[in-house]
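In what comes next, chain A is part of two complexes: it sits with chain B in the first one and with chain C in the second one.
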Partner chain A sequence: MARAAIAFCWVMAIGLALFLIAPLLVIAAASFSPTPVFDLPLTGASTRWYGKIGRLDGFWPSLLLSLQIALLSTAISLISGTLAAIAIARGKLPGADIFATALVSPLMMPGLVLGIALLQGFRAVGFTAPWATLLVAHLVITLPYVARTMIAGLSRFDFTLIEAARTLGCTYPGSVLRVMVPALAPSFLIAGIFSFLASFDNYPVSIFLADVRTKTLPIRMLQYIEEAPDPTLAALSTLILLGTVILLFVSDRVVGLHRMAGTSD
Partner chain B sequence: MSEAAPHLVVRGVSKKYGPTTVLDHIDLTIRRGELVTLLGPSGCGKTTLLRAIAGLAQPDTGKVELAGRDVTHVPPHKRNVGVVFQSYALFPHLTVAGNIAFGLKVRGAARREIDAAVERALSLVKLGHLAGRRISALSGGQQQRVALARAIAVEPDVLLFDEALSALDRKLREEMQVELRRLLQDVKATAIFVTHDQDEALTMSDRVAVMNKGRIEQLAEPRELYLRPASLFALNFVGLSTRIAGTVLAAGNGKVEVETKVGRFSALGNFQAGSPVIVAARPEQLRIGEQSEANTAAGRVRSVVFQGSRTLVDVDAGAGESLLAELSGRDGKIPIVHDEIRLSWPVTETFAFPMEAQA
Partner chain C sequence: MTEAALPAPLAAPSVDRERLAAIGFVLPSFVIIAGVFALPLVLLLGVSIVDANGLTLANYKRLLGTPYYLGVVWNSLRLGLLTTLIAFLISYPAAFALARARGPLRSVLLATLFLPLAASVIVKAFAWTILLRSDGIVNETLMALGIIEDPIRMIFTETALIVGAVNIFLPFMILPIYAIVAQLDSRYAEAAATLGASPLVTFVRVILPLTLPGIVAGVALVFSLSVSAYVVPTLLIGEKYPTLATAIAKAYLLAREPGFGAAAGVVLLAIAIAVVTLSARLSREPK
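Entry: the complex of A and B
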């Protein structure tokens, strides 16, 4: 009986993993389609769609915009979010729990709601510059990831380590640099990756703030699908996927994927 | 500097956190090579005093001198102290050797010097084979040794232990107490331990400072602390005792006659007639039967606890008072529960303390 139960769980684990990975395999396969139909290639393979990515209308400005917004919002979130997390995890801040919940709360809000709220809010105060509104909106998207990861990381950090370093001959700033920064580096990296991906991939918030000249990559991609659904988009998706895999692989070498997934310490 | 010269001097150190006085004009002088324990319940100020010596807490008033230098306003990284923390505070991103080398690296020591010091410290704590291990791969006892090695490696003027053994299980802790004392004596370290564990204090120290409410109630060698407690608090905190409340009838020559609900006792102490006092004696002074120059009291045995080399007998003396006797097997017959027995103990081992709010 127990064996059957375990076997069933095994089937579940393997089945679910395949279920989750299958779409990625399909999109990668479709990108090599020899025909312009968005289809699985059954006869031969072609890489010509990859060549067409760069010639997509408005592709480069959108890619650049998405990278700018993602990198910048991640950088700002990492710095400000970490400082806030220190106050919450260590600073004996009155009502720290409330602030922690507030910092993480956008995660629980549907993106569309957030997008509409931000659009109306920005309009109300006359803040309409598309690039700047996108950046601020993406701070709202990325901060919760940073706050959540850094609060968790800091709650496991023993601040006595800093005192230990000081008694061993380090100045206070020196102790922070030599002890706290390396100890928190994994959390920092994880927070950065999730934050970057959340921003780079965001559609529901960005769509409300973009205009004709300021379109992030996900918005542009949806537009391509509506205009001309051919395997170029599959090729682009595959490249993004590849980039993500490389990012995760490198991070895994550095800190361990299991820590990022949160499945073990 | 001679061995007996004061090595660490704490003079009139006070510290308040908000309205709470944590340290109340502490004076403490420690000689070079001495092992001193700050013993007291949580909140007595012992950890704050240790932190003030380490430079991690700034006293409001008073001075701290270490190795002939006024360090009151010297930051921790320039004090040359070694601290072993309760949580060990080992750096998780460094190996065992990396942790021990940390202090010397920060001081800019030469590579060869660092390697030699690390090796020396590791062999001192018998962990030479674990130099390359990660901290997370060590047991609690091993981590404790690494923390000690790290603190010793920088050759500090004083070693400070903040409840450093309390995270170990009992058997390991008792082994460590003996080993640590021997090790510290071997390297002629001056050390201060903070603990709430009286056994640890008595085992490890040359002198024990019993702390209560931000003050040092008594600073004495373990033996004297036990045999001649200076206050009711010190008596209660270290070891067991029989305590009986009463009133002084007559006094003179350092002795008092005390009237209690269970009889009249003679005790050591200086009080005026009429003062409310507590009469106390250590359990091993109580014997079954009579002895000369002794106080006596009778009662019914309430419980008998066998503890190997000794047996603790709790006797109900009536009127809410009880007597606690520690009998060794050589004392003859051990009574059983409900026995009516008469106990006696020497007047010279009976103390009177002013009655105070009981701790």
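Entry: the complex of A and C
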């Protein structure tokens, strides 16, 4: 009976793996479709859709906008989130537990609700420039990822090591740079990747802040799908996927994927 | 000898100064969370209960008092419940296999979890529209196998919606469960067996309670994500299946009814807060 149960678990795991990977394989296959319709299985292969990505209406400004917002919001969140995590982890902050919960709480909130709340809030104070509102809004999207990862990473860091380095003659900035930064680098990397992807992918918040000329890439992509889906979109998706694979592969080399699954401690 | 000659760390900073430094460190994050998260949510609540004539509950009456909008609320809950249930039934046994996997097999299985997680929801939903088309792979395969004779309509049905939602939110279910199962000490099960418990009793009385924190975390995550999903219903079923999320988007982007949209947002928020509070309480209970 135990044997049957184990076999059943394996069947489910393999099935789950195939099920999860299926849409990604389909997108990749469809991007090489020789005809404008998604004829699968493929009867031939063509790379012409990749050449057409750049000619999608409004593609370049949207890509640039999404990259700017994702990089800037991630950078600001990494700095403010790490500082906050340090204060929380050192335990000198009154009400640290409550604040730590508040920092990660946007993760559990429906994105769409955050989107309309921000739209109302920004309107109420007359702050309506789309680029700036998108950046400020994406801080709330990225900060929780940084806070969660850095609080967890810092909880394993021994702050007396900094004192030890200083006793041994390091300056304060020097000891932080040589002791704390290397110990926290993996958490920092994971936090950065997760928050970049969260911002780059965000649709439900951005849709309420964008205007006709300022549209992020996900908004643009959903628009393409609803208007006229053709393999160009699959080609674009495949390239984004490829970028993600490279990002994940590099981070796996550096810190190990099993660590991201939360099984290291 | 002056104090300045002492190595700095030996001079203990006063408690006040340390506290001040800590407050300075959290200040930027506090400003973001308070100003761009908490305040706007309070304002949203305000917008939902105020109109030109003052305080009103009209928006909530319309949402929770008319059969059409009650159906919309139910559609959201149904999407959340079905997605969560199916994702759990698949993930729970799979997590045990994943925890037993070693070496390259483990890496491959973990990669199949992380890769879709990092891929855009829009991309995955788009893939399902291709897969489920009447001349898509799923139909072609079923016909080739002789299971069906003519292509069946799958896209823009509830089946398509649930399949897509389960597919997209599944990693959020299996990862927390896997994190707990991987740390499970097999000696508990062995001890139960030694004491004469049947495999079924061991599972129900030992394994299930021990893995409950992972289940609670996964269920809470998947439910709160799927109950408020917007892209998935928009692309896979459309107008036929209005949910709270699509009603909110419509109220703001098309109908210009911010008061009503805000009320729908508050209801969705209340559902999310209820789930988070409930799961926090459940995972804190002993056992």
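Quick note on the criterion: the second predicted complex is superposed on the first by the 259 of 265 C-alpha atoms of A that agree within 3 Å, B and C clash if a C-alpha of one lies under 4 Å from a C-alpha of the other, contacts with A are read in each partner's own complex, and residues count from 1 in each chain.
Heads up, the rule we're going with is that contacts are C-beta pairs under 8 Å (C-beta built on N, C-alpha and C of every residue); 3 or more make two chains touch, one makes a residue touch a chain.
None of the values given here were measured: they were computed from a predicted structure.
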Which of chain B and chain C A:Leu83 touches, first, second, both or neither: second
Touched partner set for A:Thr167, first chain B, second chain C, both or neither: both
Partner chain in contact with A:Ala183 - chain B first, chain C second, else both or neither: first
Chain touching more of chain A, residue-wise (chain B, chain C): C
Which of chain B and chain C A:Asp158 touches, first, second, both or neither: first
Contacts of A:Phe99 with chain B and chain C, given as first, second, both or neither: second
Residues on chain A lying within both footprints (that of chain B and that of chain C): 163, 166-167, 172
In the complex, chain A residues that touch chain B: 158, 160-161, 163-172, 174, 178-179, 182-183, 185
Residue numbers on chain A that touch chain C, as the complex places them: 1-2, 5-6, 8-10, 12-17, 19-24, 26-27, 30, 38, 40-41, 79-81, 83-84, 86-88, 90, 92-94, 99, 102-103, 105-106, 108-114, 116-121, 124, 136-137, 139-140, 143, 147, 163, 166-167, 172, 197, 201, 203-204, 207-208, 218, 221-222, 225-226, 229, 233-234, 237, 240-241, 244-245, 247-248, 257-258, 260-263
Residue ranges of chain C touching chain A (in the complex, touch as defined): 7-10, 15, 18-19, 21-23, 25-26, 28-30, 32-33, 36-41, 43-44, 47, 90-91, 93-94, 96-98, 100-101, 106-116, 118-124, 126-131, 133, 136-137, 140, 167, 170-171, 174-176, 178-179, 182-183, 199, 220-221, 224, 227-228, 230-231, 234-235, 245, 248-249, 252-253, 258, 261-262, 265-266, 268-269, 272, 275-276
Chain B residues within the chain A interface of the complex: 54-56, 75-79, 81-83, 85, 87, 89-93, 102-103, 106-107, 150, 154
